[in-house]
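Following this line, the structures themselves.
After this come two complexes, each holding chain A, first together with chain B and then together with chain C.
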Partner chain A sequence: MGVSTLSEWTGRIGELVIGATAKDGGTRSHSVTIGGEEDLPYIGIPPSGHRPLVAYELSDDPELWPAAATRFIGDRVHDTAEWVAHADREYQPDLIRLYLSSTRERNFSDISRIGETVESVLQATELPLIIEGSNDPAIDSAVFQKIGEAAEGERILLGTAEAGHYRSVAAAAMAYGHSVIAQSPIDINLAKQLNILLRETGLSPDRIAIDPYTGALGYGFEYSYSVMERIRYSALKGDSDLAMPMISSAIDSLVVKEVREADEGDACPTAVAWEIYAMLPATIAGASIVCVRHPLSIEPLKTAIAALWNGEPKGGM
Partner chain B sequence: MALKPLEIYKLLPKKNCKECGDPTCLTFAMKLAGGKAKPEACPYLDENAKTILGASTRPPVRKIRIGVGERAVTIGEELVQFRHEKSFFHEPGIFMAVTDLMTPGAIQERVIFVRDEILTRVGTDLRLNGIAVRSVNGSPTAFTKAVEAVEAVADLPEVLMAGDPAVMEAGLSVCGNYRPLLHAATSSQYWEMCRLAKKYACPLAIRADSLDALAELSGLCSAEGIENLVLDLSSLSLSEQLNRSTAVRQHAVSRKTPALGHPVCIDTAVSGLPDAALIAGVTKFGSVLICDDLSSASRKALLVLRQNIYTDPQKPIQITPGLYRVGSPGKDAPVLLTVNFSLTFFTLQGYLEASRVPCFMLIVDTEGLSVLTAVASGKLQETLVRDAIAKYNLSAEVAHKRLIIPGYAAPLSGRIEDATGWKVLVGPRDAADISEFLEKEWKG
Partner chain C sequence: MPTVTFLPSFRKTEVPKGSTILEAAQKAGFHMNVVCGGQGKCGKCSVMVRSGEIDFDREKYGDFYTDEEASQGFCLSCQTRINGDLRVLIPEGSLVQEQQILVDSPGVPLEINPAVWKYALTLSPPTLDDQSPDLTRLLWGIEKSGGPKEGSIYAPLEVIREIPKVLRESGWRITATVALVPGGYRMINVEKGDTTSHSYGAAVDLGTTTVVVYIRSLIDGSIVGTGSNYNRQISCGEDILSRVNYAKRGGLEKLQALAVESINAALTAASNSAGIDRDDVYEVVVAGNTIMTHILMGIDPAYMIEEPYVPVVRRYLTTAARRVGLVVGKNSGLFIFPAVSDFIGGDIIADILASGMAESNDISLLIDIGTNFEVVLGNRDWMFACAGAAGPALEGGEVLFGMRANPGAIEQVSLDLRTLKPSFRTIRNQRPRGLCGSGLIDLLAELLRSCIIDRTGRINTAIAHERIRQGRQVPEFVVAWKEETAIGKDIVITENDIKALIMSKASILAACQTLMNQAGIGREEIARIYFSGAFGNYINKDHAITIGLIPEIPVERVTTIGNGAIAGANIALLNRRKKRVIDEIARKIAYIELNADPTFMDEYTGSCFLPHTDLSLFPGVEKMLDQCRILREQS
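This part shows the complex of A and B:
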């Protein structure tokens, strides 16, 4: 009889490379590839494409970061490069995702500091990087230009493009050889539309990661989970405008009620559980990169992903 | 896939005699295809048509009940591969395991925990469902004692886990009347397990090394008269668990392999990564999930994940719009506006209760959208607020005309004032800050 999964797909998810080694003109110890799947997530033994990756998120402005995450890092949070180096060494994420949250301060104008921060982070770690810039049309152009330039040759993933503002990000990515995160609010049609807009700027599809926006567990995750499944399903059915790998980050996980109000001894495990119970399902729904802010979420997530993957860890190298 | 109307029509007698209650055989066929009629309504079906139509109108995943009484769990009866295609219907039952090596005291502690522990979220009580009793000792007496310890403190649904039919029967002698799930029959003893399942009218889990062998075993058990089967897909490898559960659901909903049209059971301790196995089980087609002890953090996250995956993605959980009271508000009590998305309502209500300020909550109908989503989509409008104030006769309830609106609705404040004639106070964005706000801005 031969009962196995029924895999009658015609589409394939495109591949996206993050990070450049010396050979490619960068300084990363290795680059990572995501995407490439021809079936549902984890399906096939071994599965098609590349293993999902875990990114650790941190910020150049610890004031804007959840206490549940920074408590663990101690004073290092005040020196972004030190924070990065520590996280790389101690927790071994697949990627570092740096939020330049300082650009969200009112009347931010210290563009040169952005460049310095990016350079110091590139020094502090050899991991491939994801960098999040500003969210304000007035400074977007200068900020993304600066990030792009400071990381030239490193093939970073640059965020975030949204339907309302995507040109500055796309321009910086194209000028300096980076890729772009395209975020839309939990809606498959908006995700597709944004990809089309980005394509029209000249950005090639293998430089886009879809971020379908992820609500935290219990706070919208049910919608995000299905939108990811629908995007993956449409891509496998042949819709090339949705055939990019996805990135998912349940950014509110560490500030939801259950985590904030957990008993003293339960606070840390609850924070970790809230991240893992959203991010592992996100990979099952189709995310290629999942992001966490609590350092203790990294190892169990990587272990679980490896177990679900069960093949050679193709992602990563 | 289910049959199409024309395919069904071909099987009907084409007498157009109307005895089924429909004007023609064709309209009856259309109803059958949509699941809105039962084949038995036509008295003239031949045997062949009966078999085919019976199979195609039966849910592709069989419905099964475990346990009796209030806490009994219903599983199966699922129709789709992806929840966005319709919805998933019956949440997996989560069974916490005890073993016959544990003392009765330790067993009962765990059973009482499962019996009593409740996590209340968005107005729903979330709880673990039952107890799995593992035979580890191997002796029938030890198993009997363990089951007795469970029965002494709770009427929870049970999974009896014993590969030796003699041990299983010992357990059944204690709880056989309460419809436990028998776990598990294999090719080497299935007829004995089937005999027990028949004698006690219990559902039966079956286990085999491959899906082919499992489908074959399913057929053998059906031939013994046991249809209430559960497929055990526990595996050392999570990759295998996920691949098999996906294959089983695909073969079930496509009706390619009806022998696999049964709910799936996963013992999440087997892989050594219980959290990951539970997550894979909840998201991908597990119906009976067995776990050993769970940390409080994992239990909460698991229950919330299950609630998320098993809510209808088309319909947010809503509450009825209207005027709600917190405490016993008087004529000068504050009125707070919010939307009818359950999560929003219960979050705000929780913080208002904690603030100990008696007040009114004015809930408008945003069709279940949250504040921010309703504002972004334009569903929350001043006219909605105006009509609600009139409909719920707010002027008769309070002696003032001041309305507190959510911080995220600030862009609407001017328009709400104009449309209602009420003075609008913009509240905090985060409901957690409501107590401080009421202290300062309302009382002060």
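This part shows the complex of A and C:
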């Protein structure tokens, strides 16, 4: 039995490809495509567009990473490449999202190390990559150039462009064939404005993923949810400046008071729950990529998304 | 008393020694520009003393003039005391620009239907055979010469007391003045002889900073005299809020007296320039913002600045002008424009009347811009209005090199799209001192066109150009090098200035959009946009559309109506039928409280973009910007 909606949308979300295989000049085992929706998420059998993906987030500077995430991984966190390889092997996320947090250190200047880290991560996994650079006008240009160059040909998703800070990210993406995450602070107008600004730098709309900024559960998530919904409605109604796939990451999930105070050992079910209960609804609001930092969040999220996607109710029937 | 001769007109006046040149000029009937209320702060009232003895503290006010100007005799007329006979030249820029005050409504033919009539009568004296009383005789006379029926005219006691003497001393040749007031016909004056040619009315704009008076002939509608004055309440606080607070502290009576004094002074100037007797002014029509008119009538405005913001009166008010203290004809009437809310006052109703939008089938948008703005959307059948704060940026406030529209202010700027070199014009062609509102709007539009800033107003520091540089805190663009300026500093616009301007323009556009959304009106359905207020006179309309200050409509349909308050007051004075229109306007307007409108914030964020986040609202601007971008990429 097919499910049909009463709405007749006129818009379609653009498709964005992440990762390039040898055939396309990269070294990934496969590429992934997000977007393509012509209706609201999970509507229809099969639903329109591509199934939402789960990205695992990690950092090149574990000092700046939530303890709930690093504790579980153990000593491997000190070797970024090993951390990536381990996560890929053990938890099978759809994507790896690498934060080059070391660039946020005061007076950071070791640009060449950025290139080495990116190269080692590319060696450690064949999954498509999302890479986050710096947020400091003094080094942005050099950092993004370096990331772009080191990952040339790999069609990574490069973050993060913001309204006050987008030219160097866009320039690196255009120069080396990558895509860009466009983040705006929980506001549909600001999301659209940034997309227009990026377009005017010459970046093609099919190279943009919208990050509407996601608050953690209980800490503003419902605002993000509602903005994602509004962005999606506008896009489906035909606003091409918002017709890009969305990426959502409730980055504060593992540092909220409830998680910090839960003394449950490394598995930390509270941390996992806090991530899953924000990221699953984020896909219902329209996110194409949801991100987690606790490895144990990956599998249940993937299962839940698959169940919603396939429209096969399980249990209780 | 010293005689002051004003050039180039050679108009003369006598004032006591120690008076200021400003006082003398006002007495002589000049509309001096006094934005600051004569406090020596704005520099707008500058004059050139050609000969004679004066007292002026050149050191204290040295900032206003270059050495060259000082040697030419430039001084602030409000701060210069007269010590003897003087010859003074008033530069054009120091006069309120009269031609910019559009007095009659565009597109609506002027009709002369005043509410005052004069009847010159020759009555037959009473005899033993005809013992009808004086008043009856007079009223019959009026009826016989085509006036209202004898029984329909009310004669107040003060007039009746005059009748026996005037009739007999004049040999029964008199002129009776009858006015139509809300209660019906009222005899307001009886005088000797035939004075029918002397029938005047006064239209008054009671502004927070200035008072403008027009005296019009009620016979042919001609303008016989004009006068203006600063609102003397300024001594009790510069802005409207501080006036209300002053009233709250027991100062209402003083504020009321100062309002009356200001109007009286402007009336004196106007009647002097007209050469008429103020007793021949038979009606006064006043338009002002809600707080000003409340204060003029002595009504406590205290509750208007507190939630839930309600005025005391919304309907129009009429009373005898002398009852509030205005020095005009003894029984002359006073008509005060009605208000809609605390924030949409009689001045806005007057704007609407002057624009003619309330009598048109077409939908118009009217925008009055100052530190606060008011927006009205509608036509003869319906109207929405809202008000808000735009912040001071558009008037040059909170902008690093922003200034009022004073001499030396850059008022027009254009940029060469290839070389990015600015060309500008300053007020009075002096060396630049800063940027005033119209210059800032030009600059914003030109920076956008030349791709120096992006749509959020950020300066693209990647452009290698000497004028684009990192300032002390944020990037900036150099408009004038210090060698070109009068202040010895580079005149720049910073990214923060640009953001302040964008926020100001966004609040106005968002208000327009909110009203349009409420009414379900798209920009294509707007037949006209009217700008009222001094600000609207000087801005480049194309640029106002480019930056998204107002919705995009064909620029030739954007009209400035100048001082709409005085224009509306004039119209109501000359045509009593318009008073009904005014009343209808006031009743018709639905006031939208922007703070209570959930879509306003969304519209505001959407408008904090050049010109707007929804680019489809500005198709012409988009086309133009696309071309500019191509041109920039080529060079």
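Following the convention adopted for this analysis, the second predicted complex is superposed on the first by the 302 of 317 C-alpha atoms of A that agree within 3 Å, B and C clash if a C-alpha of one lies under 4 Å from a C-alpha of the other, contacts with A are read in each partner's own complex, and residues count from 1 in each chain.
Quick note on the criterion: contacts are C-beta pairs under 8 Å (C-beta built on N, C-alpha and C of every residue); 3 or more make two chains touch, one makes a residue touch a chain.
Keep in mind that what you see is a predicted model, and the values were worked out from it rather than measured.
*Asks:* Counting residues of chain A in contact, which comes out ahead: chain B or chain C?
*Replies:* Residues of chain A touched, chain B against chain C: more for B.
*Asks:* A:L308 in the overlay: touching chain B, chain C, both, or neither? Say first, second, both or neither.
*Replies:* After superposition on chain A, A:L308 lies in contact with chain B alone.
*Asks:* Using the touch definition from the top, say if A:H30 reaches chain B (first), chain C (second), both or neither.
*Replies:* The answer is neither, since A:H30 touches no partner chain.
*Asks:* Is A:R71 contacted by the first partner chain B, the second partner chain C, both or neither?
*Replies:* A:R71: touches no partner chain.
*Asks:* For A:R89, select first, second, both or neither according to whether it touches chain B, chain C, the two together, or no partner.
*Replies:* After superposing on A, A:R89 lies clear of both chain B and chain C.
*Asks:* Scan A:Y233 for contacts with chain B and chain C and give back first, second, both or neither.
*Replies:* After superposition on chain A, A:Y233 lies in contact with chain B alone.
*Asks:* Considering only the touch criterion stated at the top, classify A:N189 as touching first (chain B), second (chain C), both, or neither.
*Replies:* In the superposition, A:N189 contacts chain C only.
*Asks:* Of the two partner chains, chain B (first) and chain C (second), which one does A:A285 touch, if any: first, second, both, or neither?
*Replies:* first
*Asks:* Just to be sure I read the superposition right, which of the two partners does A:W274 touch: chain B = first, chain C = second, or both, or neither?
*Replies:* Touch status of A:W274: first partner only.
*Asks:* Just which bits of chain A does chain B share with chain C as contact spots?
*Replies:* Touching chain B and chain C on chain A: no residues.
*Asks:* If we count contacts the way the header does, which residues on chain A are in touch with chain B in the complex?
*Replies:* 1-6, 40, 42-45, 47, 185, 217-219, 221-223, 225-226, 229-230, 233, 257-258, 260, 262, 266, 269-270, 272-274, 276-278, 280-281, 284-285, 300, 303-304, 307-311
*Asks:* Spell out the part of chain B that touches chain A in their complex, as residue ranges.
*Replies:* 82-84, 121, 210-212, 214-215, 237-240, 242-243, 246-247, 250-251, 254, 256-257, 260, 271, 273, 275-276, 279-280, 282-284, 295-298, 300-302, 304-305, 307-309, 311, 313, 343, 347, 350, 376, 432
*Asks:* What does chain C use to touch chain A in their complex?
*Replies:* Going through chain C, the ones touching chain A are 454-456, 458, 460, 462, 602, 605-606, 608-609, 613, 615, 629.
*Asks:* Looking at the complex, which residues from chain A come into contact with chain C?
*Replies:* These residues of chain A touch chain C: 163-164, 167, 187-190, 192-193, 196-197, 200, 241.
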